[in-house]
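To start, the structure itself, in structure tokens.
In order of appearance the chains are A, B, C, D, E and F, and numbering begins at 1 in each one.
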Amino acid sequence: MSVGLLYALAGAALFAIGLAGLLALPHLLRKILAFNILGSGAFLILVGLGQRDGSVDPVPQAMVLTGIVVAIAATALALALARQLLERTGRMQLPEDRADAETDDA
Amino acid sequence: MSAALAFDLLIIAALVWSAARALTVADLFRGVVLFIVFGLLMALAWARLGAPDIALAEAAIGAGLTGALLLDAVGHLRAKREPEA
Amino acid sequence: MNLTLTLAVFLLLNLLVALIRVARGPTPADRLLAALLFGTTGVAILLLLADAMSQTAFIDAALVFALLAAISGAAFARRAWREEVPDDESR
Amino acid sequence: MKLTLATVRAVLWRSALFAVLWWALTDGRPDSWGVGSVSVAFATTVSIYLLPPVNTYVSRIGLLRFLVFFIVQSLRGGAQVAGFALRPRMGLRPGFHEIDLRLPEGIGRVLLANTLSLLPGTLSVELQGNRLCLHVLDERAPTETEVRAAESRLADLLGLTLHTTG
Amino acid sequence: MSLVEGASLALLIAGAAFFFAGTVGLLRFPDVYTRLHALAKADNLGLGLVVLGLLLRAPGWATGIKLVLIWLLALLASATVGFLIARRARRHGIAPWRAGDRE
Amino acid sequence: MRRVLPVAIVALAALFGVALAAAMLELPPHAVRLPDDVAANIAASGVAHPITAVLLNFRGYDTLLEIAVLLLALFGVLALVKPHAARAAHPAHPLLQTLARLLAPLMVLVAGYLLWVGAIAPGGAFQAGAVLAAAGVLLRLAGLLPAWVAPTLLLRVGLALGLLVFVAVAAAVLGHATLLTYPPALAGGLILMVEAALTLSIGLTLAALYLASTEVRP
């Protein structure tokens, strides 16, 4: 198994973890972390699969580079929105999640 | 087992572990610290994948911006809470 | 047998052991210390990888790491670990 | 900013320093100086803006002596901490130690606080005015003498005069 | 193995040993201040020795200067961050561990 | 019900991950060899580093859209900041200030280096922009940069510069060929120009994102 494929498989695991977290966790800050983990998983899959035969492929690398910068911009925007929600409602959770949130905001 | 394979497996195990823990630990601040660690590990992973461009970007953004943004958010959240015991 | 790579593996292992401190705490600062350790050790690992994989670009990555290492710590001390006294701005 | 001799000298020295760093970064490639000259100019401008030049004189012999002192003490510091960490019974005797600095206000005190954090047995904890609070690993160690030694080296380096405490 | 190579190897291994000591200190030392000592000193010496070891293998002056610059930056960062965190800890009223206390 | 839903989500996500991994293991060898295409065309791209060639020449649209996305995110954040709600900088301890005063010029220099090196080796506008933004973050943490109030005209120009230069260059070469296809003789110089503007734009936008998003007040 090549190094690329190994990391691509790790990327799949990270993607799954991020996806589960994004959907299941009520706290918005956790959702943002989960979103970033999901993104990192996707990036690893892209680059890892791109070079699973051992050669370096610049195209997915360039795409991931763009993706990282977009991800940080999205994170900053999401954090700002979450803060706004905190100011408005006093909690960092979406209204529909509030009913079943009990443990997560330590 | 070659040193390279050992390095890759360690990195991957640490990546998956820190990602899972960052989302599941009870304390939010601990989650953020684990996420910062996750970002630094990602930079090493990119280096091992032979993608120094991405390693550079991840190092710059992971160390410089993500950490600052998230720590700021945690501080904001704490300040909004009742003073802790 | 590549010795610099073996040393890099050793440092990585070392780093993962240090993560126990994140779990143990007890103060937020203690938890962050492990992340700060990642900064310096990460620089060393990248430098060793640069030697082992003959990729000089990793030295640049290490330089960026070292240059920005202070930011997380400063953000923590200035923003995350505030005084517990609630002042007007934190209401 | 007024164009004084100090400013001109600072600009020259700092751009020379940045140029050397640029040379090192780019591995001495001659075709880099197009971007390089602009970068060096920017870096120097930012530096002059953030750290306005003051009339301090950096003694070259002082610098050399300070460097030797610093490296030797760093080695000792690392060895000491490693010793404490690896010994079965650590034998730590930590505590706070307050001290009044004789260095004048400014960069000297900041540098001293940073240097002491890297020297054996001491970690700067608070610096307010001329009062420096240190955390020491061993209360029985002669902290006072070590701080004074570092202080004089720094004063030599920066050409500062020490106040007498009293 | 030439003399330079041997020296470089020895320095690298010594550097790794100091990183190890730093980790042990981080785990064993009793309070946040002493742990900061471990971080600031053992690590910088660790990185310093690793840099020195790689310096002996560096292809030219330029790489050498880069490596030394990296070390200096790490020194400056860790001294300042150590100070900031220790200061915050003291402000929070975290008392230092004294000999005789239990961890 | 409350406990069942998260468990179901985790199970489904795990299933998804396994399916993804299985699909990757079954994947046939590459049908198209993109690295060969890149290698074949790199001589005409104006730079020697394949990733920079892809980002700014072969797939220039991606980068163009990316900088637009960055600006959009900043607009989003700025919409949340009440004007003049921002506070003046609260000066940090002299030690942190000194660190920032020493490091910020170095960050500028390193950003310049990353920009230059992108033409021949790993590096480029993104990395340079990120380092530049980090300088802004550090200065803000040290209390040396005022909090975000409202962008001045000069700042606005700086923010938009990357996008503007990119579009201007694209328009200028439009008559020559299709959009964002540079004439090979000029490609190197044009890419450097675009990259310099991009670095400034990305750096300012990321720094502004940090400054503004940490100042959100009702």
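By our rule, a contact is a pair of C-beta atoms (placed from the backbone, for glycine too) under 8 Å apart; a residue touches a chain by one contact, two chains touch by 3 or more.
Bear in mind that the values here come from a model prediction, so they are computed numbers and not experimental data.
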| item | value |
| --- | --- |
| Chain at maximum distance from subunit B, centres defined as averaged CA atoms | D |
| Chain pair with more C-beta contacts, B-C versus C-F | B-C |
| Inter-chain centre distance, subunit A versus subunit E - centres from mean C-alpha coordinates, in Å | 32 |
| Computed distance of Cα centres, subunit F from subunit B, in Å | 20 |
| Overlap residues in subunit C, where contacts from two or more other chains coincide | 32, 34, 39, 56-57, 60, 63-64, 67-71, 74-79, 81, 84, 89 |
| For subunit D, residues contacting two or more additional chains | 21, 25-26, 113-114, 124, 127 |
| Contacts with 2+ other chains: residues of subunit A | 13, 17, 56, 61-62, 65, 68-69, 72, 76, 79, 83 |
| Subunit B-touching residues of subunit A, taken from the complex the two chains share | 3-4, 6-7, 10, 13-14, 17-18, 21, 25, 27, 29-30, 33-34, 36-37, 40, 43-44, 47-48, 51, 56, 61-62, 64-65, 68-69, 72, 75-76, 79, 82-83, 86, 90, 92, 103, 105-106 |
| Subunit E-facing residues of subunit F, complex | 93, 95-96, 98-99, 102-103, 106 |
| Interfacial residue positions of subunit D with respect to subunit F in the complex | 14, 18, 21-22, 25-26, 32, 35-36, 38-40, 42-44, 46-47, 50-51, 107, 109-110, 113-114, 124, 127 |
| Contact footprint of subunit F on subunit C as seen in their complex | 56-57, 60, 63-64, 67-68, 70-71, 74-75, 77-79, 89 |
| Subunit B to subunit F touching residues, read off their complex | 52-53, 55-57, 60-61, 63-65, 68-69, 72, 76 |
